[in-house]
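I'd like to ask you about the structure that follows.
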Amino acid sequence: MKTKPKRNSWREKIHEIIYEADTPAGKAFDVILLVIIFLSIIFVMLESVKGLDPWIYNYMYAAEWVITILFTIEYILRIISIQKPTKYIFSFYGLIDFFSTIPLYLSFLIPGSSSALITVRALRLLRVFRILKVSRYIGESNKLIKALKDSRPKILVFLFAVIILCLIFGTAMYMIEGADSGFKNIPVSLYWCIVTLTTVGFGDIHPVTPLGQFLASIIMILGYGVIAVPTGIVSAEYSKSEADENEQKKLSTNTQSCYHCHENTHLDGADYCQNCGYPLNREK
Amino acid sequence: MKTKPKRNSWREKIHEIIYEADTPAGKAFDVILLVIIFLSIIFVMLESVKGLDPWIYNYMYAAEWVITILFTIEYILRIISIQKPTKYIFSFYGLIDFFSTIPLYLSFLIPGSSSALITVRALRLLRVFRILKVSRYIGESNKLIKALKDSRPKILVFLFAVIILCLIFGTAMYMIEGADSGFKNIPVSLYWCIVTLTTVGFGDIHPVTPLGQFLASIIMILGYGVIAVPTGIVSAEYSKSEADENEQKKLSTNTQSCYHCHENTHLDGADYCQNCGYPLNREK
Amino acid sequence: MKTKPKRNSWREKIHEIIYEADTPAGKAFDVILLVIIFLSIIFVMLESVKGLDPWIYNYMYAAEWVITILFTIEYILRIISIQKPTKYIFSFYGLIDFFSTIPLYLSFLIPGSSSALITVRALRLLRVFRILKVSRYIGESNKLIKALKDSRPKILVFLFAVIILCLIFGTAMYMIEGADSGFKNIPVSLYWCIVTLTTVGFGDIHPVTPLGQFLASIIMILGYGVIAVPTGIVSAEYSKSEADENEQKKLSTNTQSCYHCHENTHLDGADYCQNCGYPLNREK
Amino acid sequence: MKTKPKRNSWREKIHEIIYEADTPAGKAFDVILLVIIFLSIIFVMLESVKGLDPWIYNYMYAAEWVITILFTIEYILRIISIQKPTKYIFSFYGLIDFFSTIPLYLSFLIPGSSSALITVRALRLLRVFRILKVSRYIGESNKLIKALKDSRPKILVFLFAVIILCLIFGTAMYMIEGADSGFKNIPVSLYWCIVTLTTVGFGDIHPVTPLGQFLASIIMILGYGVIAVPTGIVSAEYSKSEADENEQKKLSTNTQSCYHCHENTHLDGADYCQNCGYPLNREK
């Protein structure tokens, strides 16, 4: 191969570990981070459960401190290892990382706010999407995303038709059944119609008059035929995307992220950033 | 290209704006109308909600007046901009447009009827279908409609089989469960069977005897196998229609509408009405 | 074409009208019979509804007499127009026809039994299957039936797997939830598991313990993945059967029924019964 | 064909009957065992039903003894007919066979434990999987399993996406609805979200606030689009596996099981164990 651009500093090394997933160290970092994020999510979930032993809450409070400190270190490293920190700080994931870190500090500053901060802590979930690049299933998920993207216009048309149908049938059911059967206004009736057409069928609201039950039967049979449409669309797109696979393979990207401009879409084998020309770090 | 037929009058210009969607003005008109229709539908929905602040109802009443006046102007323009107004007035969409416009005037003439007129105002929903031609997804929706049309005989056969199944199982469940379990007569039992076979499952009625639960299990497993059929049908048709796409492109229609005879199915590039030979207005 | 075998008698003419659907008279007969059967089914359904006006029951009682007399005439014609009446009388559809006819006579002989005879009258539904040959969608339904038949071994394997899954999860849920949550014994638990795996979800029984809800979540996500299997199977088979269509067209059957031996599977263009060699009646 | 390796002893004959399904005796053994296992499962199910006639419980107790003795004989035969019994005893199915046999003996030794042993007896269900090799649908089930295996990475990616979606929406619904609507903590809210996204919809928990119903509508419509994905995946894989069928046929395995090393994956026509070289018993 060509002569590689050399790595410049310890900051670039940290950058490579934190932002990329090509090196063993980068992969290990992502896996550890993924585990910590999932642990912190499980703690958020458990904290909402009432009636456990008190020592569990104490244990979780301690664990929350550990996680917060780890997130803080990571956040600082992310800032110092990049050339233009403001670009990261005000990016979507930069803000998510920030709000994932601060809840415990805030509850320390403003006593009594800890229960309200559960909302902010739940934002950590969104961090998972960034880490997903470590997944060895990345190729598969790309194909899935591509199939969904290609069928987006079709699915939008379909969803639009479904919503029009729901509006018409929802209004009709509101007029037929009325408030006594639970169809207390048109928005609720619309909600019921979506529940029915998607075959979920909670049963919290259901028709009781013969005419309402007749119309509901028509809606359900329609939903039965209609559920076939998105499946057919995705099936067709997916088969196509399977066929295009070979060509895609020639043009696959990796997790390389530019130290200079933060651009992270580069072809396999790229040695220089496609956006700013800065050399990319690559190890074999 | 060929020499274009010239536009004749301001009435033809209005006709082009209101009835077609090829020119920027025509597109803008359709988009604005779509927004107004959706606003009026949202107001109809909100009006059915009890217990909001009184000023909201006042605001909606004012908005309803604005919408009614706009619809009135549009209705008058539609009539004067066409050569044979009666053809429009008594067409399906002409009647929809008329009934979309009058409710507020009627409530003014007949005091106390405003709540009953919600039914008529809900008809405005149907106007959406006419405006849909503005959608840039029109090609996709054509493909969807074609796939559904082509699979219509298959889906009808399938629906007929489903209804026969429901009749047989509904009668059987009525005999097994009886009125005590909620299966109070055969139509209700049939309604339950459709709820179950379509996997909606409200739970308002459900079998309680062991034999009824056994039969219900068979119905559900059957429904499980049966739900695959329409999906398979639409999938196959959709793949076919994707393959036929190229040929379709050669024969695509636009939104040109004849000023003279109101015919609105014309091929791209047509300069004269295919129905009466009157020149079509086209701008590049 | 070849020389046609001549029709022999008025009995053969009646035979052709009643048993076949190739001639205009035969088609008309089938359509009328279909309408009468559906009317009689609607009367059976309505009779189960309590609380209608008394005159409706009187009207339906009269209509029931008319239908019974028509069915009686048809039954007698079916017997006298065939060479071997016993073959018809003890055939499946012969028995159905008989039991469709007698309920009212029985209620006349045995007073007070009319409500019990609703069961027998509901058998009339099965007559529909015989008449279905009149449908102009017969080709489509043949394709559907063929696709289902071809995928039968696969669907059986699939259903077997579903039942094993339900047995395992049903027993597990019975042990986790117990009688207090409605899982009062293993058969009921198995019923719940089928309700859940088929995504019907009545909600009459549902898990209440955290462990039960966790296992239920796994069952549901499994059901989500599993519902894809029959769809995939039928899709694949259906595409195949579409491809085989041309070859099928060369070998299509009609509704010719032999006057002599009652055999009713004959190729288009057959002039003699493929079973007994008796000439078939055909009109152009 | 080649000269066959000769069978050595009566123990090898028993081995062939019990462990293989190629000979008539082996097939008969498997069918009988399958019937006994299903009977024993039906007895376990019936025993959990309260309120039957006492004689049924007596009859089932007697039947349970017969089944236990048959299982004991089979277990002993399995041990003595194999060269390395410990390998069988501590294999997965060996342990299942052991625990399927002992419950009644244990209830004899420890009075009063019989109701607790229902758990252990339910393990017998797992024996069915071993016996399934007798099924004449084995080819079909292989294809199904292959299609599922091939689509495993895609389905895992999909399930991961579904779980992330459920976590986000579950947390959101917990915050919107709160404990009053039944969303008493995040795990329960997550359970509700899975119930909804899979379109099961029990209705034990359901949103009651307008905002909650609006978010639930979005979740349901999303679930509607999302249910298409696994179907598309399995469809595509299944079509592929159908196409690969011819090549698979060249490399099909049978139920031959090595008497010496218990290896049971051998190609059709193999005369010697592919693992240890010991001659395999084959009859024509």
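As written, the chain order gives the labels A, B, C and D, with residue 1 at the start of each chain.
Here, a residue touches a chain if its C-beta (ideal position, glycine included) is under 8 Å from a C-beta of that chain, and two chains touch if they have at least 3 such contacts.
These figures come from a predicted structure and were not determined experimentally.
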item	value
Rotation in the CA alignment of subunit A with subunit D, degrees, nearest 5	90
Copies subunit A and subunit B touch via same or different residues, half shared test	different
Centroid spacing, where centroids are CA-atom means, of subunit C and subunit D in whole angstrom	34
Separation of subunit B from subunit D, taking each centre as the mean of its C-alpha atoms, in whole Å	48
Junction residues of subunit C, two or more chains touched	187, 190, 199-203, 227, 231, 233, 235, 239
Residue ranges of subunit D touching subunit C (in the complex, touch as defined)	41, 44-46, 48-50, 118-119, 122, 125-126, 128-129, 135, 137, 140-141, 143-144, 147-148, 155, 159, 162, 187-188, 190-191, 194-195, 197-204, 227, 230-231, 233-235, 237-239, 242
In the complex, subunit A residues that touch subunit C	199-203, 231, 235
Contact footprint of subunit A on subunit D as seen in their complex	153-154, 156-158, 160-161, 164, 167-168, 171, 174-175, 184-187, 190, 196, 199-203, 206, 208, 210, 213-214, 216-217, 220-221, 223-225, 227-229, 231-233, 235-236, 239
